[in-house]
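Each of the next two complexes has subunit A plus one more chain, namely subunit B in the first and subunit C in the second.
Let's turn to the complex of A and B:
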């Protein structure tokens, strides 16, 4: 196994004037290639802060994030993002295919290949043939699919998602979760996802990082050994699923005993 | 029975009958007018055909429109370019805003004499003054527009490694296009006002000059044809602008319709 992302002793303190807010305290974790890792924690714990550090949108106060053997100093090459608020992350003046083309143009993908990649990515997310529609002509779930397709079309090595399904209804959420599992099975992209939904984290992940406290530390690392392929009905009824979600829930709430867990 | 306003023909006829009525009233009431200042509309119409279809078009209408379009294009381009770069720097905005606001506060017509001093009264002066008066409102709108872009859109673009320059042209300016178009519309109005005013103040040729000279020479019927033509040109500009705006901002109006 190779390390895809090395989160190395990362701390973050926001300073505005004389007020400083210590959000993350010495977070370390190594994300292995092809793994699906979720970051969970109570709201306001600093999940999104950690995600912004991972995407290089801002630098940590101390520590470093190493991708491909280099400490990043900005958004790294080969990383794609899907943000929570799809209504504000797709460009409303561009149709679906032009939204997908925007990062590809930056990558200088030749025109013919661009077309192939866009069609393939839209097909993958179940939106084949919707190239010419505008975001506002699509439902919330479909817009989030476009956002995922835009990330896929860049052929990323790492996919980072911030609460990707927080703004859609429950039914749509389940189908988007299954879409993410399918993408994972098809492409094996290393994926990091921030979520406040514990069930979702257990359902999708190989590993879960639980953040807790103020400033936030890693309070638990949970390995999800549920078999693939997973399904909304069977996996969620598995007694191991229940045990894992209980464990994560207690950690998120800070209810867990300090005793080390038995085997 | 209620009229269906969604039908474009219904809309057209509702909007059309009032002007038709006014023209009819004007035509009949002025028919026997002996007042030299309010000649019969029939006389004005005859003179209009004689003058403007199309003898005076190349000498008096074309130059006005040429200056207007060249000045508008230059002013909008400069306004957007300068505004976009000033807007991205908080220091630059702070530094230049007071002087921009001061120059903006001088009514557009009052700027014309200054330009006559520098550029004389020919086309160069007219284009220069239109460019200048158009530039400021566009610049101010652009400064505000590029500063108010949604942070999520910018984060998305940054995460996909677009450069600041690409983010300006591909994210900030397009996302501000509804506000920019509102400024462009204002720019068209000011440009037309100043185009005519510059011709009236610095007489020579052009629609404004023609109307002013006719008035000074007591050619009242000719003057009326000038005023009416200025109105028609202004209205045509307004309609043309709306068509362009509706087309360019179709994404915006489409999204708004869904929200409503």
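Let's turn to the complex of A and C:
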């Protein structure tokens, strides 16, 4: 196992005028290659802030994030994102194919290969042949699949997902979760996902980082040793699943916090 | 409508079972339905005009509607008329193209830089509200009664309208999309191409829509006030020579041409920004 992402003693304080808001306090974690890691915590705890630091969109106040042996200073190469708000992160004026081509053009992928990659990625997410449709002609779940396909077509080393299934209905959510498991089995991309859904985190992850407190600290690191392949019915009925979700739930709620509340 | 026609209609309707009463339309009403409804106010207007011109107090001052229409019809077959139309449209189009070519990049630059946007907002809004007509005397002083002057008079007001619209549109680009693009390592040019410009398109389209109308109005105004070639100048000459009927006929011409221009705009807009529900 090699380390894909090293979150090294990262703190974040937002300062607006004289008001400063200490959000993250000395977060450290090493994401191993091919691992699926979820970040959970109560809403407003700073999960998305941590994710924004990981994508290099903003620098941490102190500490560093190391990818490929280098502290990142901007969005690193080989990173792909899937955001919650697919309607806003896809481009409505471009068809599916052109949405997928956007990062590929930046990567200077040759035209012929681009076509192959786009078709393959759409096939993988179950949208084969939908190349010429526009995002607004697709359902929410399908739009998020486009977003995932766009990430896959870049052949990312790291996939970052911010509440990817929070805006779709429950049925769609289950099928998207299974899609993510399939992608994981097919490609083994190192994945970081922020979610507020504890069941989802347990169902999909190898490891779960629980954030808690204000400023947020890592209150628990949970290893999910549920066997693969996972299924919505069997895995969720496994008694270990129940035990894990209870543990994460208590940590998120601060019921079993190892740190004193409000420290 | 002949009598036998309407009788046939009635007998045909009588064969319909269930005793449904056939709609009894009077022949005149049926004949009127053959015309588009928008024509009636127009006809009404022309009737009032015709009546007004027959009044003693307006005799010899207001040309009659029929005379004006006859004059309008006669002008359609004169090459000079079409030369004037060509000159006017040429000034409008060249002015529009030059102006928009400058305005859109200018607007993008203003929209991208917060400092440029805030610092220039006052100046731009100030220049924007100066009526385009005001620059005609100035432009005539410098450029004379030429086509170049007309082009300048067209380009000037459009520049501000389109630049300001573009700047606002560029600033309106969705921050989520911008972040997505940044994550995929798109630089400023990529952000302009994939987010800023398309996001600004509805606003730019709105600006262009106004700009097209302005271009036509300004091209005519440049002729009337500044003597730039085209329909405006023809109208000024006709007025100076006391050719009342001709002056009115040119107004009719301008009306039709203006309508044509706005039809083109209405038709093109949804095709250019198809993803925005209108």
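Quick note on the criterion: the second predicted complex is superposed on the first by the 256 of 263 C-alpha atoms of A that agree within 3 Å, B and C clash if a C-alpha of one lies under 4 Å from a C-alpha of the other, contacts with A are read in each partner's own complex, and residues count from 1 in each chain.
Simple rule for what comes next: a contact is a pair of C-beta atoms (placed from the backbone, for glycine too) under 8 Å apart; a residue touches a chain by one contact, two chains touch by 3 or more.
For clarity, every value in this text was computed on a predicted model and none was experimentally measured.
Student: Once both complexes are superposed via subunit A, do subunit B and subunit C end up clashing or fitting?
Tutor: clash
Student: With the two structures laid over each other on chain A, which partner does A:92 touch: subunit B (first), subunit C (second), both, or neither?
Tutor: It touches subunit B and subunit C both.
Student: Determine, under the contact definition given at the top, whether A:103 touches first (subunit B), second (subunit C), both, or neither.
Tutor: both
Student: Once chain A of both complexes is superposed, is A:137 in touch with subunit B (first), subunit C (second), both, or neither?
Tutor: first
Student: With both complexes superposed on chain A, which partner does A:248 reach: first (subunit B), second (subunit C), both or neither?
Tutor: A:248 sits against neither subunit B nor subunit C.
Student: Identify the partner contact of A:75: answer first if only subunit B is touched, second if only subunit C is, both if each is, neither if none is.
Tutor: both
Student: I'd like to check the shared interface: which positions of subunit A are touched by both subunit B and subunit C across the two complexes?
Tutor: 55, 57, 74-75, 77, 79-81, 83, 85, 88-89, 91-94, 102-103, 106, 134, 136, 154, 160
Student: Subunit A touches which residues of subunit B in the complex?
Tutor: By the definition above, subunit B touches subunit A via 150, 152-153, 155-162, 166, 170-171, 174-175, 177, 251-252, 254-255, 258.
Student: Please output the residues of subunit A touching subunit C within their complex, sorted ascending.
Tutor: 55, 57, 74-75, 77, 79-81, 83, 85, 88-89, 91-94, 102-103, 106, 134, 136, 154, 160
Student: Quick one: which bits of subunit C touch subunit A in the complex? Just the residue numbers, please.
Tutor: Residues 174, 176-177, 179-186, 190, 194-195, 198, 201, 273-275 of subunit C touch subunit A in their complex.
Student: Using the touch definition from the top, list the residues of subunit A that touch subunit B in their complex.
Tutor: 52, 55-57, 74-75, 77, 79-81, 83, 85, 88-89, 91-94, 102-103, 106, 134-137, 154, 160
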